[in-house]
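In the two complexes that follow, chain A is the common piece, with chain B as its partner first and chain C second.
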Partner chain A sequence: MSRGTLLYAAQRLVLISLTAVVVSSIVFIGIHQLPGNALASERRNNPATEQALLHHYNLDLPWPQQYLLWVEGLSRGDLGESLVNMGVQITPLLLREAKVSVTLGLAAVLITIGVGLTLGTIAAIRQNTWVDYVASTSAVIGYSVPSFVWAFLLILLTVSGFYAWTGGLVYEDIGWGKIEQIPVPALALGLPYAAIVARLTRASMLEVIRQDYVRTAWAKGLAARVVILRHALRNALIPVVSILGPLITGIITGSVVIEFLFGIPGLGQEFVTSILSRDYNIVIGVFTFYAVLVGLANLIVDLIYPVLDPRIRY
Partner chain B sequence: MAAIPTTVEASQELLVGDLPEQLSLGQDAWRRLKRNRLAIIGLVIIAIFLVTALVSIVWTPYATWRQALGPTYQGPTLAHPLGLDDYGRDILSRVMGGAAIALGVGVGASFLASVTGIVLGLLAGFYKGKVDVVISLVINVFYGVPDLLIALILVVLIGRGTLNIILAISLTAWLGMARLVRGQTLSIREREYVEAARTIGTPNLMILVRHILPNALGPIIVQATYLVPAAIIFEAFLSLLGLGIPPPAPSWGRMASEGYKALQLAPHIVLAPCAALSLTVLAFNWLGDGLRDAIDPRMRR
Partner chain C sequence: MTRIALFRSLAVALGAISLVAACGGGSTASENLAADQTLRFAIIDQPTSLDPAHVDAAVDITFLAEVFTGLYKFDNNLKIVPDGAQAMPDISSDGKTWTFKLRKDMQFSNGDKITAKDWIWSWTRTLRLNDAYASNLYAISGGQDVADGKATSISGLSAPDDYTLVAKLDAPAGYWLTQLAMPTASEVLDQKVIQAAGEEHWTEKPETYIGSGPFKVSAYSAKESIEFVPVKNWWGGDTGKLTKVHVDFHVDVASQVKKFESGGYDLVGMANSPAGPDDVLRYKNDPTKSKILTIYPGARATAVGFNFVTGPFAAKPGAKPGDPTNGAANTNDPGLDGRRAFSMAIDRNQLADIACAHAITCQPATGGPIVKGFKGYLGDNGDPYAKFDAQAAKALYQKWDPTGSKVKNLEYRYNTSPANDKRAQNLQAQWKQNLGVDVKLVPSDFPTLQRDRKKKIVIIGRESWGIDYDHPQDWFDNLFSCAQAPIGRGNDQAYCNPDMDAITNAANAKAVDQAVPDYVKAMKLLVNDVVWMTIDYGTQPYFVQTYVRGAGYNGLYDYNWLGFKLLQH
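Entry: the complex of A and B
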């Protein structure tokens, strides 16, 4: 980490917090223009109670004032209180759920990169053989099958399949909390993107292995493993890293559906339940969290670049 | 006044006699596309999908909403080749009806997003300056936000009609198209023929429509093709979360989400719409890959 890198990272962190504030402000202002929220949808007999509640959430103020109060809270890291589950502070709740989502997301990214790089590299070094055709075809099929379809297939395979085939010895339920419950949703989430990574790796590997320095490496009599992994793959990785940003945004999007299907208590599921129950405070909070997460993920990707390619400096 | 050819087409006609063979860009691309086996398979699947969608509007074996046609959760039988769902509805009929919805949402959203993206991309790339700053800022801010969340909020706000779903999907789908068109425009506007057009006093609108747009059309067609399956998957996402096109419309995503609770008991309820959806998406991706290779010869492996 040079001084330039640190400075660059610091600038980006400022930019990330700015984006988070802008995005959540748009959502805040948009949502507050609308009639109705979780409080209004419940019938209350006592007008005094309702007034007290409105006051408690600052909802009796005009929206510009509410907005200022909210920004002030945000600057302290306080996202307010849930409208449905009264007394529940949103920031600690979402922090807990973000940990779940990040765990799932990281597992999915690892699968994406692992499977994608392996398939892509094998396809490239065996170009135009049956290995290549099988790998390339499965890559297109892989990303045409959306994550939720993978989820259904994997659930059928692991939950029903393993149970039936082992005569009831292996039974694995879906859900969250045990380590062995992570791989199935992570696979469902990662496989479509692994296919994209595989295609890209194959294309950039094919370009790299024709270059002179790789021929030199072969000519020096280096082991195939060394030529492929250390000389070719390292340079082939650079274009692959460039799609990691959009890929991570995609995985976060997909995780909303996957968390919902698998009953995983992460940010995505929270978002869906909150928006259905009109708990707008949480909706805005999740948006803020996602904006920060996407920003941080992209920052990490950009910091990987100079490690792979010393020509890039910040 | 008549003898001198005034348009490019007319002067080309005069030349054709001297050249052995002339193909327009479109003909050339089509010839290359025809040689791509996967693209043709994709086209065939898309044709079947189109016909199914159109037929389902006037006829399905059973009405898509008709319940209690037999035992609920029944597997495939002769009368119901894909079985019955949890309300005893015919799954084959519903998968057919789902094709019409997928077609409407996919093509509708791709069209709307493409038009928006093309117009804004052209403006940003051509006029540069303040216009570009504003449009690029919008693109960059929203590019980092997961599109599904924006669509979910919009759907909750404006309701779940088919048109609203198309709108919600297009709201973020245009970003990629605008980025692409902006980049293309930035490079095309510096070419000599654009400069020539400007020199003879062609109005800006004319330059945009007659010179820049046609030359950027190749990548635009490819991107628009990829947008169709993306929109179909997106609608399925919304439906799975219970915020897609409302029942009893047989959207593939909704069928999957309704069958999910009985996945182990009756997997055919989930698998039938999922297979239809995956096959359609696959076909569009194959066609898109084929078009990309055919239109841009540099992309050929």
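Entry: the complex of A and C
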């Protein structure tokens, strides 16, 4: 990696940190303006009880003071304690859940890129044949159907359907913890984006395979695999890489619903449950993590450009 | 037919019979135990706290009841039986001194012996932390002082020897035995472990999460899952057949049912996580699936509460919350006819049918606020103003508000959920149809509604109470007493009837069986004043695999795990 690229990466990392602080501060301030509090409970009828709990969480302090305490904690990597599930420390919780979400997200990205590139390349090479039409139609269907609909369809198919057809021998086990529980939710998450990548790859490949240097490669008698993968696809990838950033952001945000439906204990599910239960501390923590994840994902994408095109330098 | 053809026909027939036998029908469990005795299920949330002193929700109790021990407990039939105590308490003739003889063989799961000082430390800690169920120990003299931070020890609690506990009460409290049996704040804890691990961290790891119950935590991943295993050589004896209990957290109910149907979970419904009404209805209407569905009565009542100090339904408009509003202190109740009319205008059967999936997830309420099947229930149709009578309601309403000015811009407040939305819409429709009154629906989230209810500014709004234990004191002292009427306390309607309080205070001193008639008398005053317009009682549906034995629900708590077993399947 060149010195310029390293410097660029360092600058971006600083920006990501600042972004995370700004995002979480906005969320912190906004959430503390909401009426009511997360400690409201049917059973807590004693004002002294509620006061004791508010004190435990520093919620009895003026919110600017709470903010300063929180920033001090954030500087130490301590995002505090859950308001709803007392005793649950947020930083280790979110780190664990981020690992789950990143695993799922990476699997979805692999499916997106793998399926998308394959479909798009085949469609381009077999342009205007039935192969092209099938691939293109599949792509249209793929991105027309939202990921949560794919999720429902896949659950029906792989859980209820497979179970019924195979007498319980083969079926998808909803949840997380086994490697075989990754592909189906990753498929639900990645399919709509795979379709987008397929369309973009097809268009980009069609442009590249008409270039003179590709014709030269064919004329030289190189194997089709070499011409397509080494010469054509590499240049066709640049537009695809440029959408990877928003695509990964889309996968991260789309994981909210997928994780909830598949019972996956990741950041997405935490995001939903913490908002619904008004667990302020976790909401702020999740936003902070998401800001960092999106920033890092976009940085990684930007660092791929020089690899694909050595002319690009930072 | 030739011999070969005959044999061929027989072979085919035998093969067909075998195939049908192999493929036919759902599995029928044999009565032999399965090799894997791991019980698996999921819950929608996760316990709000694993610390008995901080327990706040029904979901917590299912697990705490297995890991910790109190002096007494409820058996599966809600009968109070000794647990940590050798026998029922010895109560002095004035009802103020309770002596408990403790079991001498009790120990924590780490082997530490339990003596009277452990109970004293645990109860003192509970009061010091003063969370939702610390009130279960307020009856002890000096307990409130510890809760208020005025004392560091409970003056009324002592241990004359290692296995005797003596509690002196400020006043006789017949309900206290019931409170002690509730698996929450009065359970014994290991002081040594908690102090070493830290007050706020001892529940985080299985090694420090120590109790004295038949099960202990073997694995815990916050917001993901928890696992329990039986305690070896448990002082209480046999820990049953289960070798592990695995619980997944935060699993959507529809996904739970899907996984149940594919055999991944053994039951759905435990720890206050019932299946959704659509799935329950589907099971009910299916001849095979209906056999694994059981709908238990639940311990929750839902009602519409009327404000007694502000608004058109007030009994004493402008009164300060906490001042008497009813009884001999105030016989003029200008809001009474309005409350009665609004109550009689609602057909609860229709509401349960529409809002509760054809009365699956709730049942119409006709016997007062206390749920059917629990002490203090007035009996079916025991609430005279729960009887639907549109004509009488209309006549009464028109007499009370001939110009419609009293209910102009009336808003019904409630916390949003799919079930509450349906209830609210049906209430609105029936008030419109039967009284000609337009009521605006104002949904909000629970904390906002709770905040406004405690400020006593909700004129008419959703109320609900989940029973903590089977004793009417749980209702009166938390929801309807004058002591709870001031701002910030639990009597959201600010209803204050000193006559009713006198009855319930006297009842509180008696043993529960002697006290019930008094509570019923007090409840009749309450329903006569229409403090709550109770609309339905909850239900608790369970899906249980055919090979699971021992699972169930007694209306308040899940059956304990000691009786569970999984058969071969």
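The rule is short, and it goes like this: the second predicted complex is superposed on the first by the 303 of 314 C-alpha atoms of A that agree within 3 Å, B and C clash if a C-alpha of one lies under 4 Å from a C-alpha of the other, contacts with A are read in each partner's own complex, and residues count from 1 in each chain.
What we mean here is this: a contact is a pair of C-beta atoms (placed from the backbone, for glycine too) under 8 Å apart; a residue touches a chain by one contact, two chains touch by 3 or more.
Only a predicted model underlies this, so the values are computations on that prediction, with no experimental measurement involved.
A.B. asks: Between chain B (first) and chain C (second), which, if any, makes contact with A:A52: first, second, both or neither?
C.D. replies: second
A.B. asks: Does the superposition put A:L261 against chain B (first), chain C (second), both, or neither?
C.D. replies: both
A.B. asks: Between chain B and chain C, whom does A:A108 touch in the aligned arrangement: first, second, both, or neither?
C.D. replies: neither
A.B. asks: Mind working out whether A:G167 is in touch with chain B, chain C, both or neither, as first, second, both or neither?
C.D. replies: In the superposition, A:G167 touches chain C alone.
A.B. asks: Just to be sure I read the superposition right, which of the two partners does A:I252 touch: chain B = first, chain C = second, or both, or neither?
C.D. replies: first
A.B. asks: Give one of first, second, both or neither to describe whether A:V159 is in contact with chain B, with chain C, with both, or with none.
C.D. replies: It touches chain B and chain C both.
A.B. asks: Have a look at where A:A198 lands relative to chain B and chain C in the superposition and call it first, second, both or neither.
C.D. replies: neither
A.B. asks: Answer with first, second, both or neither: which of chain B and chain C does A:V88 touch in the superposed model?
C.D. replies: second
A.B. asks: Would you mind listing the overlap between the chain B footprint and the chain C footprint on chain A?
C.D. replies: Touching chain B and chain C on chain A: residues 155, 159-160, 260-261, 278.
A.B. asks: Okay, in this complex, where on chain C does chain A touch?
C.D. replies: Counting only chain C, the residues touching chain A are 23, 42, 45-51, 54, 56-57, 129-135, 147-148, 200-201, 203-204, 221-225, 248-252, 255, 258-259, 261-264, 445-448, 450-451, 464-466, 468, 478, 484, 488-490.
A.B. asks: Would you pull the chain A residues touching chain B in the complex into a rising list?
C.D. replies: So the residues of chain A touching chain B come out as 19, 22-23, 27, 30-31, 34, 140-141, 143-146, 148-149, 152, 155-156, 159-160, 203, 206, 249, 252-253, 256-257, 260-261, 271-272, 275-276, 278, 283, 286-287, 290-291, 294-295, 298.
A.B. asks: Can you tell me which positions in chain A touch chain C when the two form their complex?
C.D. replies: It is residues 35-38, 40-49, 52-53, 81, 84-89, 93, 96-97, 155, 159-160, 163, 167-168, 171-176, 260-263, 265, 269-270, 273, 277-278 of chain A that touch chain C.
A.B. asks: Help me check something: in the complex, which residues belonging to chain B touch chain A?
C.D. replies: Per the stated touch rule, the residues are 38, 141, 143-149, 152-153, 156-157, 229, 233, 236-237, 240-243, 256, 260, 263-264, 267, 270-271, 274, 277-278, 281-282, 285-286, 289, 301.
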